[in-house]
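Pasting the structures in now, so scroll down.
The same chain A turns up in both complexes below, where it pairs with chain B and then with chain C.
== the complex of A and B ==
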């Protein structure tokens, strides 16, 4: 049973990690919590669903993920153009970013509600059997797919940030955009890149969460809270910290729910978040975002 | 000063003339009868509210095509309460205060309806609907019946008891578990009487697991249910939660029977990830049977007109509520007199509804003459009716 709970917790953590990283990467550079990410995940889940539904015989899920991620990038760039660019140009305080992202998130969810109502839509079944046996354990194929995709994407992202020149530029802009500019880095382009990556992650998350939980307007919003908590516990803006915290959060939630019931789980989660804020505000990563990505 | 006085008198005269004009229109014995319909057209219960509204509007259309209420046409004004109590109150005030309706067709959900119990009595506005929580028709503290609230289907506890009885007697189950959201009034109003009934019948409740609105993973709860050795699990939430709960149970290795509320009806079987087997759920109608009542005709017409891909039970709810109201209005001397119409609704006896079953309203303004169908899915995922249950 303990091993089964651990596997389920890791699977849940993989879902949280995907969301948390989309959250953390924007925070790392722009220093604001991009709540629009939840709305984008919902929108991408619908885009992926309608892309699949437009074919008589649905294309492989990887094609849907690729198309939806591309759509997510375009969507993110569109949002940047209409909501954030002017804030950047005017060098407005971060609170404006936060308010804009919150507004966008509510706007997207409300529009989805108007056009599609709250009714859940379902992606076609991906597997003929939803689980496979691993000894005495039952493992969800969907969870394993989410875990595998998350690990690959998160590893690629970590490599990009830590081992490439672009990543170096991202880290430089994260620390100080003005100084980066003086050193020849186009901080505007880096910010656009960050939004593109967040859009890409929203596309991947939208399809995977849609496959697992169904597609409805609040899908991203409800998951966003957990992503935010994970990124906060991990150390706001730290990708590695967010990933680690997401998996830890998933496992703790699973064991807590099993032991004490689901109703007390949100209490535990928020107490955990408060504890980190009081005792270790820099999070698991140990360093504030302003110092390092 | 004289000019001002003249203007004031002129305005008062105009107001009086307008007011007098309005009165004349309202007292016109041939004027259309205005009724309201408050439904969850958007929000978390729109999948129930939209077909409900369609059914009510279609019933009005059919009644008017057949001569209306003793020659007077019905006019229906539909408002969206979004499964929200405040919105519901706004809808009620708009319909009664601004439009001047004389009766209201209520939503299928109890949350908004429960807020109108006092208002409907003050304004003498009969409200007929499928708000199945008993608190909408009976004061839970005093046991008194709300005089203007009427329920046209078995209440929550009646439905839960019908299902529990079927599970015990027909399916032979004795070790029960429940998995539900206690914050969802719809689920709680069914789970509590279900549990009470199975325990009264000597069965065991081996697990009672819960989840919250924001939870998306019920696998820990499902594992506990598997470990409890339950042979039957009751699910009583809305469709989105039912899908996650069903898949969590099957993914956790639960192979026993799953019974549930009417939200397990199509498109449930098309949307779950696991194979659907050994599930039994409540249904108000034998919707797919063209030989009973006109429910099959209604759901087919609804699917044709709206492009909905699966038959929607709420179409029948909207239709039935209008028919109950219209039947009373036809008998009334003044069909716009709320008190008279309410009195006649309370005397409804053996009125055949769209499902072919007859309705008699009892002293609590509910019905104890109706039972519930028990449905399941065949190997092709098609819904089939396997029984009809009515606990006395």
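== the complex of A and C ==
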């Protein structure tokens, strides 16, 4: 049973990690909490659902994920063009980004609410049987698919950021966008890239969450809170910290739900976040409080 | 024709005019210095060349107008080593240098790194260390070295001696002369008038956003007014 819970927790943590990283990557560069991410996830979940449902026999889920994440990137570029670009051009403080993203998130969710009911739409069945046996364990195929997709994408993202030239430029812009320009880096283009990556991640997590929980307008908002908490516990802006915290959060939630029921789980999650804010505000990775000189 | 020609340059911050219709030439293979007290507008001139602040007037580099965006100006071969060093703390020494070579091809990177480690052995020893843990002098060396990684035709140094111990300051100025000998033109902005005049081929004296004097570094060192205002009366 313990192992079963652990596996389920890790798979839950994997989705949280995707959301948390989408959050953290924007925070690391622009120093604001991108609440538009939740709206993006909802919108992408719907896009993925309708793409999947438009076929007589649904395409492999990986095709839907690819199409939806491409749509997520386009969506992010659109938001950048209508909202964020002018903030950047006027060199306005980050609070404007924050307000714009919050507004966008509420706007998207409200729009979705007009067109769709609050009842969840279910993705077509992905697997003929929902579980497979691993020794004495029953493992959900869906959870394993989610875990596999998340791990591949997180690994690719970490490689991009930590091992490539463009990734180094991203890290430099995160530390100091003005000095980065003196290196010949187009800081504006890097910021657009960051939003695109966040859009891509929203696309992937939208489909995965839609598969797991069904598609409804508040899906992104609800789940984003978990991603936000994970990125905060991980240390705002730290990708590695966010991923670690997301997996820990997933496992803890799973065990808590088993022991004390689902009703009190959100309470536990927020108390955990508060504890971190009091005791270790810089998070697991400890970068938040480190003001760069 | 000078390498860099500045004509009628003015820069304002809101209603405050920081630099007022300045003409200035930077010649190839020379050290050109701008000296002046705090707030005279020295950094503003460098930032105008780098495209960091909005300007009026014209700046040409090898006879061509400069692009407007700073990252494009860097690609033209004008590289600024900013005041306060502005190294990327949190990244390793080597990653800082790689960023300096951002505009170069990947195939050049290894050779450029080896050149810099030969020039600054201390950076080679600390290549894996967080750049934020270096001492002030080492950070200044890193900042200069990072600037050289882009193979500049014109290297602009903004107050490289600021906040450093006298013995380190001497090293910094020696380094600047060595860079010039290797063929890079230099524009040096300094409050340390004595040291910078003694190594510069040509110098401008800036006061309240205007050039009040120019000439060969050596001549200005002997100039009565300059001695009074910037070098202390007794020498």
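In the analysis below, the second predicted complex is superposed on the first by the 288 of 293 C-alpha atoms of A that agree within 3 Å, B and C clash if a C-alpha of one lies under 4 Å from a C-alpha of the other, contacts with A are read in each partner's own complex, and residues count from 1 in each chain.
The rule is short, and it goes like this: contacts are C-beta pairs under 8 Å (C-beta built on N, C-alpha and C of every residue); 3 or more make two chains touch, one makes a residue touch a chain.
In this text, all values refer to a predicted model and were calculated from it rather than measured experimentally.
> Using the overlay on chain A, decide if chain B and chain C clash or can fit next to each other.
Verdict on chain A: chain B and chain C fit.
> For the overlay on chain A, what angle lies at chain A between chain B and chain C, C-alpha centres, nearest 10°?
Result: 150 degrees, to the nearest ten.
> After superposition on the shared chain, which partner residues are touched by A:30: those of chain B (first), chain C (second), both, or neither?
neither
> Go through the superposed model and pick first if A:65 touches only chain B, second if only chain C, both, or neither.
Neither partner.
> Where does A:153 make contact in the superposed view: on chain B (first), on chain C (second), on both, or on neither?
neither
> Pick one for A:12: touches chain B only (first), chain C only (second), both, or neither.
first
> Check whether A:183 is in contact with chain B, with chain C, with both or with neither, and answer first, second, both or neither.
Second partner only, chain C.
> Just checking: does A:191 make contact with chain B only, chain C only, both, or neither of them? Give me first, second, both or neither.
neither
> Looking only at chain A, is it chain B or chain C that touches more of its residues?
For chain A, the partner with the higher number of touched residues is B.
> Once the structures are superposed on A, label A:175 by its partner contacts, choosing first (chain B), second (chain C), both or neither.
Second partner only, chain C.
> Determine the nearest approach in Å between the Cα atoms of chain B and those of chain C after overlaying the two structures.
38
> What part of chain A is shared between its chain B contacts and its chain C contacts?
The overlap between the chain B and chain C interfaces on chain A is empty, containing no residue.
> Note which residues of chain B are touching chain A in the complex, please.
Residues of chain B touching chain A: 42-47, 50, 182, 209-221, 223-224, 227, 239-240, 243-244, 247, 250-253, 267, 270-274.
> Can you check the complex and tell me which residues of chain C touch chain A?
Going through chain C, the ones touching chain A are 50, 52, 69-71, 74-75, 79-80, 82, 86, 88-91, 95, 98-100, 102-103, 106, 132, 146, 150.
> Considering the complex alone, what residue numbers of chain A touch chain C?
Counting only chain A, the residues touching chain C are 165, 168-169, 171-172, 175-176, 178-187, 287, 290, 292-293.
> Would you pull the chain A residues touching chain B in the complex into a rising list?
Going by the criterion above, the answer is residues 1, 4-5, 8, 12, 15, 113-114, 117-122, 125, 127, 130-131, 138, 140, 142, 213-214, 216, 222-223, 225, 253-255, 257-258, 261-263, 265-266.
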